[in-house]
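What follows is chain A paired twice: with chain B in the first complex and chain C in the second.
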Partner chain A sequence: MKKGAILVVMLAGILAGSVAPGLAGFPATFEWKRLGRETGLPMLKTLSVEMLDGVIYAGTGKGLYQKMGERPFERVVLGEIPETAILSLKADRKSRDLWVGTLHGLARANRGRVDVYTQLNSGLINNVIYGLDPVGKHVWVATAAGASRFEPSTGRWEIYNEKNSPMKEIWCYGVAGSEKYVYLAVWGGGIMEYNYATGVWKNYFDPDGEFEMDLFRNDGPPSIITSNVDYDGKTAWVSTYFGLGSYDGRRWLEWFEDSGEGMPSNFVNNTRSDRNSPGRTRPQRVWACTDRGLGCFDGKIWSLEIADVQVHSVSFEGDIVVAATDNGVFVGTAKAPSAKAGQDAGSGTEKDQMKIVPPVRTGKEVKTP
Partner chain B sequence: MTFWNGILVVVLTATLIVSAPAVAGSNGVPTPPTGASAPSASPEPPPYAKTPPELSPYDQWTQPRGRYFQPHHFYLPPSFDPEIEYNRDIPIGLMGYDRAHPFYYLSIQAEHAMMLAIEEENARGGYNGIPYRLVVERTLPVWGASSNGAVAFAYQHKVLFYVGPPDASDSHIALRVNLKTKIPMLCTYNTDPTQTETRIPWYLRVNLDDRQYGYALVMHVVKRLGHKRIGIFRVNGMYGRFGVNEFTDACRRLGHPLVIELRHKQGAKATELASQVETLKKANLEALVLWSDAADAGNVMRALRDGGFTVPVFGADRVVYQEFIKTAGKAAEGVVAVTDYDPTRTDPLNDRFRLAYTKRFGEAPEACAARSYTGMRVAFDTIRKVGPKRRPFMEGLLKLEGQKIPTVLGTLELDSRLDNLAPVRWVKVVDGQFRYSDTPPAP
Partner chain C sequence: MAILLSPDEEQIYLANRDSGTVTRLSIRTGKPTAELKVGHWPIDMAFSPSFREIYVTNHHSSTVTVIDVARFKVARTLPVDPYPWGVTVRAETRGLKPPVDVLFTSHTYLNLLVKRDSLTGRELATLLVGRGAGRIVPSPDGKLLAVTALYSTESVPDKRPMPEVDLVSPDPFVVESRVFLPGANLVRGGAWTSDSRVLILPVQLPRNVIPDVTTADGWGMGHGLAILERSGQGFSVRHVMLADAISSHPEPHHVVIDEKARRVYVASYSASRVVALDLDRLLSLVRGWPAADIEELACRLDLLHDYEVARLSVPANPRAMALTKDGRTLFAACAFDDTVAVIDAPTVKMTKTLDLHPRQPEDPVHRGLKLFASSKPWFREVFACTSCHPDTHLDGLANDLAVDGLGRNRVDVRSLYGTAGTEPFKWTGSNAGFYSECGPRAARFIARSKGFDNLELDDVVAYLRSLVLPPNPYAGDKNLAEAQERGREIFFRTVDTMGRPIKPRDQCAFCHPPPTFTDRRQFDVETASNTDTIREFDTVQLTNLFMSAPYLHDGGAPTLEEVFTKRDLDDRHGRMNDLAKEDLNDLVAYMMSLGPSSLTTDSGAKEARSDRKGDHEGGYPR
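== the complex of A and B ==
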C-alpha cells in the first residue's frame, strides 16, 4: 500500500505540474480592478497612463481620456491633434501640467488649456513621440528622430541627434531624469546619460556587441536595443526586449525571464520605479510592463501582477497603481497593509531606498584558447 | 493507507506543487513557478542564422549566458479590440520614395512588382470579391521621416499591411511604430541584419540579408581564395554602415582583420574619388569589397580602374543591378557579387513572373522586383487562409517559421526570426553581362 501511495503521489505531482497555471512570476501582491469600454474608453488598447490629483489619464489608440472619481472616462480634446495614439503621458507635479506625447505631436494640458507643439510649429524634432519627462525647468521629449528639450518658461527648444551628441541611432524611445542626470533610451543606441553640470553625454552599450546572445550577466544594459528608461533619482531602470537592467551610477544589474527571479517576460515595453510616487506609504517597487503582463519587483523577486495581457505603461499616486494595457486600464491597490509612514517607506527618505539583492553573475568561465 | 488518506496526500501534493514558489535558488533568491516563458538558454542551440562555426562570436573563448531567437521565440500578445473590417477594398501599403531619392531605383521596382501582384490577385477576384488597392507613401530623404509615413498607414490609409522601405534607417523607425499600431510589415529589399533582431513580432523578410551575404563573401574571399589583405570601400550611409558589420567581424574571426575601410559619400562621382583610390592602392590589398548602391558602385569601379587599381573586387547585392554596369562600363568586368535572385534560372514560377513583368512594364525584372513580388505572393497565400485582418494575418505569417516556400526567388527558408536563410547566389560580370551561378565563380 505504501508503494501504491508513493506512486499516487508521484502521479499527482506530475499531473499538477502539467496543469499548473502558466505563471512566470510570483503571485500578485496587489488587487486589481479593470476599467474597459463600459467605463467610457473608446477602445481597450491603452498605450499610456498617468495619475494627477486623483484623475486617471488614459492614452488610448484613439486619443486622450480622463476619469474623475466614479464618473466615466471623458475625451480630452488636444487642439488640432487628431484622434491618434497617445504613447506617453507625464505630469509636472509642480505646475500641474499634463504633458502628452502622441503620434502627431506634443501637447500640454492644464485646467482646460491645451498647447500643441509639432515639428512644423515648434522646435520639436519629430511628431512621433515615444517618451517624455518634465525635468526641472525643461521638458525632455524622446522622438523617432532624436530628442528635443523644451523650456516652457522661455519657449526655447534644443535638439539632440547624431549631429551634436554621441547618438548612434536617432530613434529615442524613452527619457527620464532629475536635475543632475537625464537618461535617454535609444533604439540601437543603448542608454545615453546627460550630465546637467557638464553638458556632456555618455553612452552605455551592451558590451558583447551581439544581438543574438547575452554573453555575461550584469555587464551593462541587457541589449543595445532599449525600449524605455526611468530614473528615480538613485537608479536608472532600463527596459529592453531582451530583459531589464538597472544602473546605480556604479554597477549594472540585469534580470531575465529565465534567470530565476520571476521576470514575467524578456519583452519589456516600459519600466518605472515608484520611489518618487507622491504620498506613497507602502514600500517602494519597480514595475516592468511586458508583453505577457505586469511585473512588480521588491528588490529580490518579481511578482506577476496582471497576467496574459500586453502592458504598455504604469503610473502611481499615493498607494494606487494604474496600468495601461491592451485590455483597458487596471487600477491596483496593495494586498498587504501599508507600512506606517516613514517607517518602511516614505518618499524621499533613505529608508525608502529599495534594497536590491544583486543577481548572481552567470556565464561560463572564459577559457584561454 | 486508506483510500481517503491517499486522496488527501494527492491533493496536498498537487497543491504544494502548484503553489510552490519559494524554492531557494542561488544567492538565496527563491525560484518562481515556471510555465509561460520559455528559457532562452539552451545547452545545444541550433546555429544562429546558419552561422559557420568558425564565425560564431566568442565561441573560442566561452559560451554565452543566453541565446536569443531560438525556434518559436516570437510571441504575439492577444488583442482585445475588434479588427478593421475591409468591405469596399483592401489597402496595402508601400513605403517608397520619389524620383529624387537615391533609393528610387529600388522602390520603383517594388512598386511595379506590387502593382503586378495586386492586378493578378484582383483578376482572380481579390479576397472573396473584395479587391486589393495599392497605397504608396513616399518618404522624404530625411532620417526619421518614415515614422510619419508609418503613422499615415495606420491612421489615414488603414492598410492591412505594408511593404517597408529598403533602407534600414527608415525601416527600423517604421517597425517600432508598427509595434504600437499593430500593423504587419513585409520586408522585400532591406538587407540590414539587425532588422529582424529586435524581437518585434510584426515583421517578415523574404530577401536575404547582409549577414548571409557577408558570410558568403568572407568564406569565398578569405577561405576559398586565401586572400589575407582585405579592404572595404562603402557608402557613408546606413546600408554601408550596417551591411559590412558581419563581413568585418568574420574577417577578424578568421584571423585576417580588415586592412582598411574607406567610405564615400552617397552619390559621389568617379572624379571625386581620386584620393580614396590612391589610399587603396597604397594599402597593398589582395581583395576589395564594395558595399554601395548600384550607381555609386559603378562610379567607384570606374574611379578604381581608371586610377590603376587592379586588385579583384567583390560586391554586395546592390551591385547586381543594370545601373551598376551602365555606370561602370568596362570597369565592371570581373566584379563578383552576391544576390538572392537569378533571373536566368529556369523555373515555371520565375518564367511566368519574368514574362508578365516584362510585358507589363517594358523592362526585365531585377532583384528588388522579384523580392517584392515574392513578398506579395506569400502575403496573398496567407490572406487566403486567414482572411484580411491584421493580427490573424501576422499569426499566419508566424506559422511560416521553419517552412520552405517555393517562390520566384527560389525556395524561401524562413527561420525563427522570419528571415530567409536560402543559399546565396553568385554573379560575375563577363562581357558586360551578369553571369549567374549557384556556386562562387572561378577566379
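== the complex of A and C ==
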C-alpha cells in the first residue's frame, strides 16, 4: 500500500471519529472462549461451524465433530464420506436437518440418520462443496463445478453452470437465499442472483473492474473474487478477497480495511448476518470472517472480536456466537447487554432490520488484500 | 383393507382396496348399510378428532377422500403427494387461523411425512422419513407419531436390512427420535401401550444374507414383532419371532393391544390367523433378555409357546383389526374373503362373520390372489409368495439363495407388476414363463414343499398375468418435462456427443426398446460382481423405476446414477462415458418417467392438482 494512500485514509478515519486505518477493528464487544484439541477436536483448523439445538458442529480438516454441552467433541460419521475436510455446514431449522458440504460430497444428518449424496450416486454436479443453504423446499449447493439445487422431497436435482446460466466461472464458493432470491458467490464471477418467481439469473460484477482499488464506492460488489455470500431475507452480504459488500435489492454498500469503519481486513473468507438467529435477544450484527480475525458490524462500525487468526465460518443460536478458525473453535457471548437489547430482538420483523449507516467515500479506497 | 370402529361401536367402516370403496357395516344386523366410492386403492383411514369425518388415503390416486360420517357422503377430495399410505388427524392447537384440524399423511415412494391443512390438503410442512413410509401410529399421549417403513433405510448388499421407525413430534413438527430395527423389514401397523412407553410393531425378519441363510432358525424368512420400549432418552429395540419349530404366523400385518386383558392380538395375513399373545410374558421376556444376545432372541424358535395364548383360523388374509373398548370383541378385516371375522376376545373364538356381499363363486384371478398370499402351500407355512413380493411388488432385498452355494449369485427381488409380456424370468432368464417360474422350480427351491398343484398353478398364473403397472407420478399427464425430453433424446440417440456413431449394442434402446423397455434377452454388460458365477443377465424392463430400487441383478445400485457410475466404469452398459453430468441427470429423469401415464385422478382432485403452482415441474411429482 502506498504511504500517501495510508495517510489520506488515516486522516479521513480520524476526522470521521472512527478507528485508525491499519489498526483495524474497534474493541471486542463479546467475550470469547477457545475450544482446542483439549476439547476433543482432532486438529485446530476448523473450516466450518454451525449451531443447532445447543449442539456445536465443527467442520474440521478431518471430519465433522459435534459438542453437546460440557461433553468433549465427538466425531459424527458421515456414511461413506471419509475423514475429510468439511467445508460448509448449514442447519434447516424447520426440519432440524444438518446439511454438510465436504470435499467428497453432500450429507444430511438428522437424529442418527445420515444420507450421502455424491456425483456418483445422485444428480449432484460435483463432490467439492464449498457452500450450501437449505432454502424452502430446496437445498442449494455451491461446488467447484457449478451449483446444484436439490429437492429432497422429490429427489429432483437441477444443475446450474456455464451452459444454462450466465456463470462466468464455475467455482462457486457460497450460496444463500430465501424463497424469493438466491445469491451465488462465484469466485471470479461476482454475485449471481436467482429470482424464484421468474427462474432468471442476474449478474453483479465489480463495476470498476479494478482489483486493487475501489474507484466509486458503493457502486456494486467490491470485487468479482467473491468468497462467500449470506442473505438474511433483507440484505445480501458478500465477502470478497478485496472487501465486503451488501445489497438490499436497491443499492450496494461496501466496506474496506482502510475506509475507516474498522473492517479488520479486506481478505474476507466468509460473512454471515445473525438477523435470523433463533432466540436472539441482542441486536442484530453482521460478521466478517477474515484472515486477520473476526469482525462484527453493528450497522456503523466494525469491532474486532477475535484477533490475529484466520477465521473461516461463524454461526449463531440465541445470543451465542461460534466461530471456526485456524486455532480451534471460539464461542462468544456479548460482554454486556446493549441498552437497546431486546428492542430490536426477534427475527424476521421489520424492526429487527439493522440500521446501516452508509459508508461514505473517503478518497481512494484501497482494497489490496 | 383398513377398518375403523365407530365411537358408539355400532358401525364398522372398511376400506376396500380392490373395489375402491368404503363400506359401512352395522354390527347389530351384521349387514352392510352403505358403500361409497372413494379413490383407487384406499389403504388407510382415520377419524377426525370430532369423529365427524373419516379421512381415507387413496394409494394409487394420490388423494385423500374426506367422508362426512353423518351423511356418509364424500365431503371433499384432497389432492396430495403421490402414493399416500398412513393417515392421522389431530386438532390443531395453534398456528392455523382459523383453527382447523391438521392432517398427516405418509407417502411410500417419496419417503415423506406431510403435515397438511385438513380443509384443503395444503402442505404445511414436510419431513423425510424412512424408506417406504407406511403406517402412522399416534401415541396415546398425543406427543408422537410413529411412522413405519417398509424397506431398509440403506440398501447395502451383504448387510442385514435396517428399516427405521420415525418418532415424530407433531408440534413442533420434527423427528424426535429415529429408531432403527436391525435385521427387520416390512414394518407394518402396530400399537402403543396406553402409557406411550411401549410400541409393538409387526415385522418381517428376513434371513437373506450370510450367516442367516439357514434351514434352522426360520429358513429363508422369519416373522415376528419389534418391541420398542422407552429407555432413557431413546428406545430399546427387541425382536421376537412369531414361529416355532413346526409352525409359523407369517406376514403379521397388524397388532392390537388390550391392556386390561394383558393381551396382544396379531393378524397373520398369510396364515389367515389371529394370534393372541400374553403381553406380560412378552414384555418380561424382552426386558430380561441380555442385551448382548438380542440378535439371538430374534432367531429363537423355542420361545413362542411362552407367550402365545391362542391361535385362531379366520377367513382369508386378515389385514387390520379393531377392538371394542371393553375388550370383549375383536373385529378382523379379512381382505380376500371380503368379510369381517367377529371374535370373542376372551376365548379367542370366532362367533360370526360380517360379509360385505353375498358369497360368489371365485374367478381364477381371485383364487390366484389368495394362493399368492397364502402360506399354506409352503414348508411349515414359514412364508408365502407375498413375503418377498408384498402386494405383488418387492421387499427391497437381495437374497443369497442357498441352491447355488452360499455366497454366490446374490439376486435382487423384482416387482411382479406388469411382468406379463416380459418373459423369460429370473435374472438368468432361465425360466421361460410364469408356469416354470411358479411351478416345480418354486416348489423345489423356494417352497421346499409340494408347492402349487396344476389347478392352483393355473390360478396363480392367471393372477400374475392380470397385474398391471400402477401409475407413475413421474410420467406426467401429457408431455414430458423439458429435462425428460432431453433425456429421451439421449436414450434414443445413435451418435455420441462427439458425433461418432454408437454401435447398436451400445444404444440404450437396443436392449431396452419400448413399450416394456426390455428385449427379453440376456447380455453381459459387466455388471457381474466378484461373487457371481454367471455374467449374462436378463434385460430388465425399465418401467416404474421410481418404485423398484435398488437396481441391477444383485441390488448393488441403490440409485439409477450408480448403475452408470460405480457399476459401469468401463462404459460397457451402453455408451455413457461421453455424457456430461447434466446429461446423465436428464437421462435419469427420462428413465424415471417410463411407465403408465400419470395418476388416475378422482373427480375434483385433478383440477385442484393442476392449479397447484409448480406441480410436476421438471417431471417430478409434487
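Basically, the second predicted complex is superposed on the first by the 331 of 369 C-alpha atoms of A that agree within 3 Å, B and C clash if a C-alpha of one lies under 4 Å from a C-alpha of the other, contacts with A are read in each partner's own complex, and residues count from 1 in each chain.
Here is the rule we go by: a residue touches a chain if its C-beta (ideal position, glycine included) is under 8 Å from a C-beta of that chain, and two chains touch if they have at least 3 such contacts.
This structure is a prediction, so every number in the text was calculated from the model and none was measured.
A.B. asks: Quick check on the superposed pair: does A:A144 touch chain B, chain C, both, or neither? Answer first, second, both or neither.
C.D. replies: first
A.B. asks: Compare chain B and chain C by how many residues of chain A each one touches, and report the one with more.
C.D. replies: With both complexes superposed on chain A, more residues of chain A are touched by B.
A.B. asks: Taking the superposition on A as described, I'd like to know which of chain B and chain C A:Y231 touches: first, second, both or neither.
C.D. replies: Neither: A:Y231 stays clear of chain B and chain C.
A.B. asks: Of the partners chain B and chain C, which touch A:K163 in the superposed model: first, second, both, neither?
C.D. replies: second
A.B. asks: Report for A:I125: first if it touches chain B alone, second if chain C alone, otherwise both or neither.
C.D. replies: Both partners.
A.B. asks: According to the stated criteria, A:A85 is in contact with first (chain B), second (chain C), both, or neither; which is it?
C.D. replies: first
A.B. asks: Which holds for A:K94: it touches chain B only (first), chain C only (second), both, or neither?
C.D. replies: After superposition on chain A, A:K94 lies in contact with chain C alone.
A.B. asks: With both complexes superposed on chain A, which partner does A:N110 reach: first (chain B), second (chain C), both or neither?
C.D. replies: Second partner only, chain C.
A.B. asks: Same chain A residues contacting chain B and chain C, which ones?
C.D. replies: Looking at chain A, the two contact sets intersect at 125-126, 145.
A.B. asks: Residue numbers of chain A touching chain B in their complex, please.
C.D. replies: Residues 1-2, 4-5, 8-9, 11-13, 15-17, 20-27, 43-45, 47, 61, 82-85, 87, 103-104, 125-128, 130, 143-146, 162, 169-171, 173, 187-188, 208-217, 225, 241-242, 256-258, 260-267, 291-292, 300-302, 307-310, 326-328, 357-360, 362-367, 369.
A.B. asks: What part of chain C is in contact with chain A in the complex they form?
C.D. replies: It comes out as residues 81, 110, 112, 125-128, 153, 164, 173-178, 180, 558-559, 561-562, 565-566, 581-582, 584-585, 588-589, 618, 620-622.
A.B. asks: Over in the complex, which chain A residues touch chain C? Could you list them?
C.D. replies: Chain A residues touching chain C: 94-97, 108, 110-113, 115, 119-123, 125-126, 137, 145, 151-159, 161, 163-164.
A.B. asks: Note which residues of chain B are touching chain A in the complex, please.
C.D. replies: 1, 5-6, 9-11, 13-15, 17-19, 21, 25-37, 39-41, 48-49, 57-58, 60-69, 75, 77-81, 142-145, 147-148, 150-151, 154-155, 172-173, 176-177, 180-182, 194, 197-200
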